[in-house]
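Take this structure first; my questions come after.
For reference, chains read A, B, C and D in written order, and residue numbers begin at 1 within each chain.
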Amino acid sequence: MARKEYAFYPGCSSQKGASASNYLTSVESMCKTLDIKITEIPDWNCCGASISYAEAGELPRHVMNARNFALAEQHLPGQEIVATCAACWLGARESKERLEHNSVLMADTQEALKEAGLSIKAIPEIKHMVEVLIEDLGYEELAKPVKKPLADMKFAGYVGCQTNRPFGIHGESFENPVYLDKLIETVGGEAVPYDQKVTCCGGALAFSEPDKAQAQIKDIIESAYDNGAEMIVTPCPLCQANVEVYQGQINKKYGTKFNMPVLYYSQLMTIAYGGTAKEAGLDGNVIRARKLEEFASK
Amino acid sequence: MTSVVATNQTILVVGGGISGMTAALEAAETGKQVVLVEKNPYLGGRTAQLYRYFPKMCHPTCGLEINLRRLKANPRIQVLTLAEVTGISGSKGDYTVNVKIAPRFVNENCTACGECAKAVTAEIDDAFNYNLGKIKAAYLPHAMAYPQRYVLDPSIIGTADAEKARAACKYNAIDLNQKEEQVSLKAGAIVWATGWQPYDAEKITPYRYGEFPNVITNVEFERLADPHGPTGGKILRPSDGKEAKNIAFIQCAGSRDENHLRHCSRFCCMGSLKQTHYVQEKYGDEGKSTIYYIDIRAIDRFEDFYAKVKANPNVSFVKSKVARISQDKDGNPVCWGVNTEGYKRYSNTHDLVVLAVGMEPAVKGVDIPAEVMSDSSGFIMADPKNAGIFGAGCATNALDVNRAVQSATAAALRAIQVVNKVARAEA
Amino acid sequence: MADMKTAAYICKGCELGNRLDAKALIQVATKEGKMNLVREHDFLCSTEGVALIKNDIDNEGVTHIAICACSRRAKTEAFNFPTVAVSRANLREGVIWVRPDTDEARETTQEMAEDYVRMACAEVKAMTVPSGNPNTGGVKTLMVVGGGISGMTAALEASRAGYKVVLVEKSGALGGWAAKLYKRIPTREPFKAPEDNGVADLIAQIEADANIKVYLNATIAKTSGAPGRFKVEIVVESGPQATEDIGAIVQATGFELYDMNKLPHLGGGQANVVDQAGLEALARAANGGPIKRADGKEVKSVVFVQCAGQRDATGEHLQYCSGYCCNASIKQAMYFKDSNPDIDTLILYTDLRTPGNGEDFYRSAQNKGVIFSKGVVSQVVPNGNGLTVKFKDLILDEETETEADLVVLATGAVPNSGVNIEAVAAPAAEESEGEGEAASAALPVAEVKTISILNLDYRQGPDLPQFKHGFTDSHFICFPYETRRTGIYAAGPVRRPMDTAQAIEDATGAAMKAIQAMENAGLGRAAHPRAGDLSFPTARLEGCTQCKRCTVECPFGAIDEDEKRYPLFNESRCRRCGTCMGACPVRVISFENYSVNTVGAQIKAVDIPDEFSEKPRILILACENDAYPALDMAAMNRYEYSAFVRAIPVRCLGSVNTIWITDALNSGYDGVMLMGCKHGEEYQCHFVKGSELGRYRLSKVGDTLKSMNLETERVLDMEVAITDIETLPKRINEYAAKIMEIGFSPFKGF
Amino acid sequence: MSDLNQQMAVRYKNNFLKEIEEQAEMGNWVKMCMQCGVCSGSCPTNFHPGWEHPPQEIFMMIRAGKRDEVLNSQSMWMCTSCYNCYVRCPRKLPITHIMHGIAEYAYRLGRAPKMQPTLHLSKAFWNNCTKNGRVNEVKLTQSLYFKDGLMAGIKMGLAMKDVALGLVKAKRLNIMEALGGGHKCKDVNGIHKMLAKARELEAKRKGRQPA
């Protein structure tokens, strides 16, 4: 019997072979160590993400999330939903909030769900994995399993937008949230202060407006370098991808020499808990975090 | 032991700022018995912490001197400092009030000669100057403090410092055995004039108050400009003591904001317009002020004052609520936003940013009897049932000094109506 | 004066004993001060010390005491002996705290102390204990002029406190402006919707109140007398003239709207353009139903133009903001939205001014669909059956226009404050030297009214002096009710532009002050700022030359002229500033405890060393409210200054009589420093015109100096604020140095 | 779609504010803006060139009835959903959602700019994720590259080559997905029926004939 159980909502990017598969890998290792049982919501579907607003409209977007709620309720009764992807978490929370505060929307949603043979009684709580870690467990508990503190490694904790706004992590400020820094320190690393912690990476506009997005990404990486960071750490798959994969293009465009690994908090924790590079999904990083890989292999 | 002479024809005034003093004086000068309760060791409240008043640019201490003279000349007012009301029972015309009096550790013998301060070595935060500086733990709160008696900070009681202070006093004015007292007194009517507190600027996270040393509040700026202040009246910025000549004033810092204070605090526009005068006064044409605002609320004849400031080439106005503040490598605050008049983007670097924080009623969270109603912002509202407890000054609304005094004068009459009724009944 | 017994007490506490030669001070008090009784004490303000003095008063018959210790501002509770005349020699803040504790300084410091002892002894002997004003009136009836919200509130609040009230209203009904309103701006939580105008309720209360006597269709023919004994003649239209005995007066005569016909470019005077009063009339007619224009057409779109003829920089219209109009337009827009949400309501403003909880009212209007645009209207022109409003949209940064069935101009308030007595030159002003400067700036827009409201039978004119833009406001931040006519207080929009909620608060405060004035007049006590002072000016008329300076200069219009043109003092109008005393060229005016003599005696008491001593003497006459406390606080900060100055507090620069200066110079002083408050438009003098009049008078001293062949620098007029604690000692020392340059006065030793 | 545009234009005559309030998601908040400008200053794209109208200006334009300028504007499409404006607004306007709502409405009316890249992304993403219930990242990427036609697609593809390859190497882009495979939900059918119903209900509620 695990000490905590959750209905797990990995989201599209955290699947085998998907853009955040390494996130999934590390989360699984991390949860194993922490004795957290996460059970995938059977047949869960995409949250629609913010970007679908134009084509989806209002109700269909909520209905997509509502389906996941209904499935979780049905198959994993009494369990809170935990998401690892910022967009999934935000999308789901928004739908929960909107449906609970708008009886018309709720009625329409139920009617639509009927088409799929589903219905909602009470929408479960929806948490981001980070909330599970720092609220349900707490920093002390997270520190206990640390076998290999990530000594003399400098990380820039990049919180970004959607794990931070509009809901954010309880008790954190929108402008200068510190939970990520605290997580880094909990596993023995050094969190460097820098002023692009919550700057937007451009989100989905990395596809549609690459120039604007990459200009913002450049600011983030530059500031991380300027403040002595060796690696960037983030809780969001989209942030991770955007900040990591466009560095080559940015170097071309701006003549920079960026080669900054961008990791998930869960990868740090897995390594600090004594996991292997593979268990932490370090092989899944496009820009390899050599220093961390060597450290892991020691 | 403090003895208080009070009956159900006595008017109790809670709060010794300009509103409380006014209510007390107006009532006493009409022949009423008054007890004035103040939680600080001195009277004068927040007005005593202002350098100048708008629109006259005159000095609050000038009016304070007159009020203190009125007070000294009036035998009908008993003043209790370091005192707080802890409970009120009874009803209109017949209240019983419990007051907690904290020890001052200095008695009436004190001649304010200052020998104790010389003897003491420990230092504490200078509360009168919003903790911008340090003072000795035996102190006179400020130059015009009334009662004109020193105070020993509780932190040194039981230490060698306290003994040094006692030894240094030739007049047996220092009494280290003073204890907290609870006194109970009668009152026919109560005027609640507990004033206001500046909104906690740390809650306005985009402005990074508390993180960036060169982002300060309007009340702190008053102390910087005041010759009695921590910099002796020089406008020096906290981070490096450099002369701050290019200053940003951000209006509605917390006010008119559903995330903070829903009401408009009224005084802050005039306050910042006034403070641009300080910059001009200290630095002449080298001093530059920029006011970021939503609406300039220079109501009635204050418009003249606004017009004068607008005419000053060293003051510029930007119609914009600043979105966020960052800090550059030299510790200069940078204001980011958009001028909504014609949509012009800006990121302006300043030496110092002054947040025009709004007024939060100090009554908030204070337990006063149910018959006192407060509005959605926590200000006391006049009770239609006309009970015997009346709000005065900034406890009732966001007011400038002038209007606070009006309100206090009105409250004095409302209180007098009650005690006169009692008197007629007993006659 | 027959059985005067004097005593001096030398305190040795607070280092005085160590720093000064107490024995010598006792000598001085005895030999030169000629005090019947001289005592020293180690700690005079202690219980024992005070008991010692008390005992001398009770058992030794001491009537006059000189306390030689700390500043008169310190230890006031301890040294409080109301039954005897008391003077204070300021040996602590005035001497040892401003002097270095060094051997070379000791001699001059001691001399300083000895002089202050001499001065205290001389002063107290010239004083008598004020006996109170014999010429009081005990009338406790309040007169309220104006039957609007403010007037009715003042009347009811005074009545609730147990006072009789006479309420005079010029129209045929109570209610004033508020009665014209369909509804009013909310005064209580929730601040979301217009509320009942409250008039009916007030009228009902007044009619039910036996304390309140109402005169309708009534004006005031004459107001004579003083607080506690006003006689008011009331003329009732087509009725008998009445006379009332009145104790104090509240003037709540309200305002009228600025005439929109002066705003043709905004459509003022055109069809379908109304001011806020006009809209209220339409709303009352509609009474919740669809609001119709004069031509009967139902209004489907309305534009509100804020600041119409207000906040005007050209000087052509009102310069000020009337404060309430933003909320009023919001309220009026709600009239439309509440009757039909589909009506287009647009409010064009530059700064929306809804202070305090008005912000809730603003939000509520937005919620109801009222549109707010930041724009400046250039023109309103007819357009078919409607109007076109041309304006610059400041947010979208473009010239644009919109159509409307109806346009409402928020034109703002003009006070009904009666005659501007300073604009229409007061009678015989030219006879006085003071007046020329005294006249304050007249106003461009608010036309000079010629019909008086109070018809005061005062030497200085028939109405309350006006402050700015025709309002009868006070210029004091800390003392908003202080008019320049004792016992007469303004309330409501006549005092300052304000909305209903404020007017109610304001009227209650004014009633408070009026009641207080009646109570104090009855006891012969002064009103603010010398509240409780029992002294009052008296004149030896046999010496009077009828020059009228006192009657013209009195900042409070307290002095009339009798049929023989002698000054006629109205003590309960007097604020005890002493300006009359300072003005009197033949020095026949004095107070019992403050006179040409009490100060003159101190000046003469100072020991003047001969020119070879290298010790000049400089006289400081310092305003007791600002300059003297500044000197005290400089001392508390241990800022040192010259040992050659001798400071005497005065009630006001206005009370300084030139004779003090000429006497000082004649008796060999080398210089005189006059320290008074700021004057002019932003004056800080607590007697309003006192320091200004004083300065004007003293500027004439120059001629005297010439006639005495003395350098003009020997008299220095300084503006001192209470915060000048750091600069004041510097300026004193600079002046002392300057005197050394100029050299010593030739008048020494005469 | 433009018939819907006509239909709405007629229905709301010259009251564009009302149109937005009833038709656009969260549109009823627009009237509450007090023009402080904090949203404009907070927008991350604010300091990039070529951004016409910030939210507060869009709101003012709506009140001023500038229907065409607003509906045709690129501005709403620039939203990165960073929620800075949303959390800072002193009037608590859900600005991010309002901007999305206006954009969505403009699109429904067929007024959105031609080939608006973000709109294209939105369509591609939604269609992609609703087809099988989950996103097929390869197909998504393809559809984005080839939106401007084959040649442009190849160019874009080349430009993005390194990005794609990097992901492939890292096993985070599975080309197999391109060929039929990829992740999908079991009850795709139910999802489709459910969404069809949802679209129908929404159109009904907003008084639009189903497109």
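The working rule: a residue touches a chain if its C-beta (ideal position, glycine included) is under 8 Å from a C-beta of that chain, and two chains touch if they have at least 3 such contacts.
Just so it is clear, the structure is predicted and the values come from calculations on it, not from any experiment.
Visitor: Applying the touch definition from the top, give me the chains sitting in contact with each of subunit A and subunit C.
Guide: Under the touch definition, subunit A and subunit C have B, D as mutual neighbours.
Visitor: Going by C-alpha centres, which chain is most central here?
Guide: Per-chain C-alpha centroids ranked by distance to the global centroid put B first.
Visitor: Compare the CA centroid of subunit A with every other chain's and tell me the farthest one.
Guide: It is C whose centre lies farthest from that of subunit A.
Visitor: A-D versus C-D: which interface comes out with more C-beta contact pairs?
Guide: So, comparing the two chain pairs, more contacts are at A-D.
Visitor: If you average the Cα atoms of subunit A and of subunit D to get two centres, how far apart are those centres in Å?
Guide: 23
Visitor: With centres defined as the mean C-alpha position, give me the subunit C-subunit D separation in Å.
Guide: Centre separation, subunit C to subunit D: 65 Å.
Visitor: So how far apart, in whole Å, are subunit A and subunit B when each is placed at the average of its C-alpha atoms?
Guide: From the centre of subunit A to the centre of subunit B is 47 Å.
Visitor: Taking each chain's centre as its mean C-alpha position, how far apart are subunit B and subunit D in Å?
Guide: Centre-to-centre distance between subunit B and subunit D: 51 Å.
Visitor: So which bits of subunit A are touching at least two other chains?
Guide: Each of 174 in subunit A touches at least two other chains.
Visitor: Could you check subunit B for residues that touch two or more other chains and list them?
Guide: 206, 256, 319, 324, 340, 343 - these are the residues of subunit B that touch more than one other chain.
Visitor: Counting only residues that touch at least two other chains, what does the list for subunit D look like?
Guide: In subunit D, 34-35, 56-57, 84, 88, 91 touch at least two other chains.
Visitor: What is the complete set of touching chain pairs?
Guide: Every pair of chains in contact is listed here: A-B, A-D, B-C, B-D, C-D.
Visitor: Can you list the residues on subunit A that touch subunit D in the complex?
Guide: Listed in rising order, the residues of subunit A that touch subunit D are 12-13, 15-22, 43-46, 48-60, 63-64, 67, 104, 108-109, 111-118, 161-162, 165-166, 174, 199-200, 202-205, 207-209, 211-213, 215-216, 245-246, 248-249, 283-286.
Visitor: Which residues of subunit C touch subunit B once you look at their complex with the stated criterion?
Guide: For this pair, the touching residues of subunit C are 13-15, 43, 45-46, 70, 74-77, 157, 160-162, 188-191, 311, 313, 319-323, 351-360, 374, 394-395, 397, 468-469, 471, 473, 475-481, 496-498, 502, 505-506, 508-509, 511-513, 515-516, 519-520, 528-529, 531-532, 625-626, 629, 633, 636-637, 678, 682, 684, 686, 721-723, 725-726.
Visitor: Residues of subunit B touching subunit C in their complex?
Guide: 18, 22, 25-26, 29-31, 51, 53, 56-67, 69-70, 72-74, 108-109, 111-114, 140, 143-144, 148, 170-171, 226-228, 232-233, 256, 262-264, 266, 295-304, 307, 319, 340-343, 375-377, 379, 381-382, 397-399, 401-403, 405-407, 409-410, 412-414, 416-417, 420-421, 424
Visitor: What does subunit D use to touch subunit A in their complex?
Guide: Subunit D reaches subunit A through residues 25, 44-45, 48, 77-78, 80-84, 86-88, 96, 100-101, 103-104, 107-108, 112, 117-123, 125-127, 129-130, 133-135, 137, 144, 159, 162-163, 166-167, 169-174, 176-177, 183, 185-187, 190-191, 193-199, 201-202, 205.
Visitor: Where on subunit D is subunit C touching in the complex?
Guide: Against subunit C, subunit D makes touches at 15, 17, 31-32, 34-35, 56-57, 60-61, 63-64, 91.
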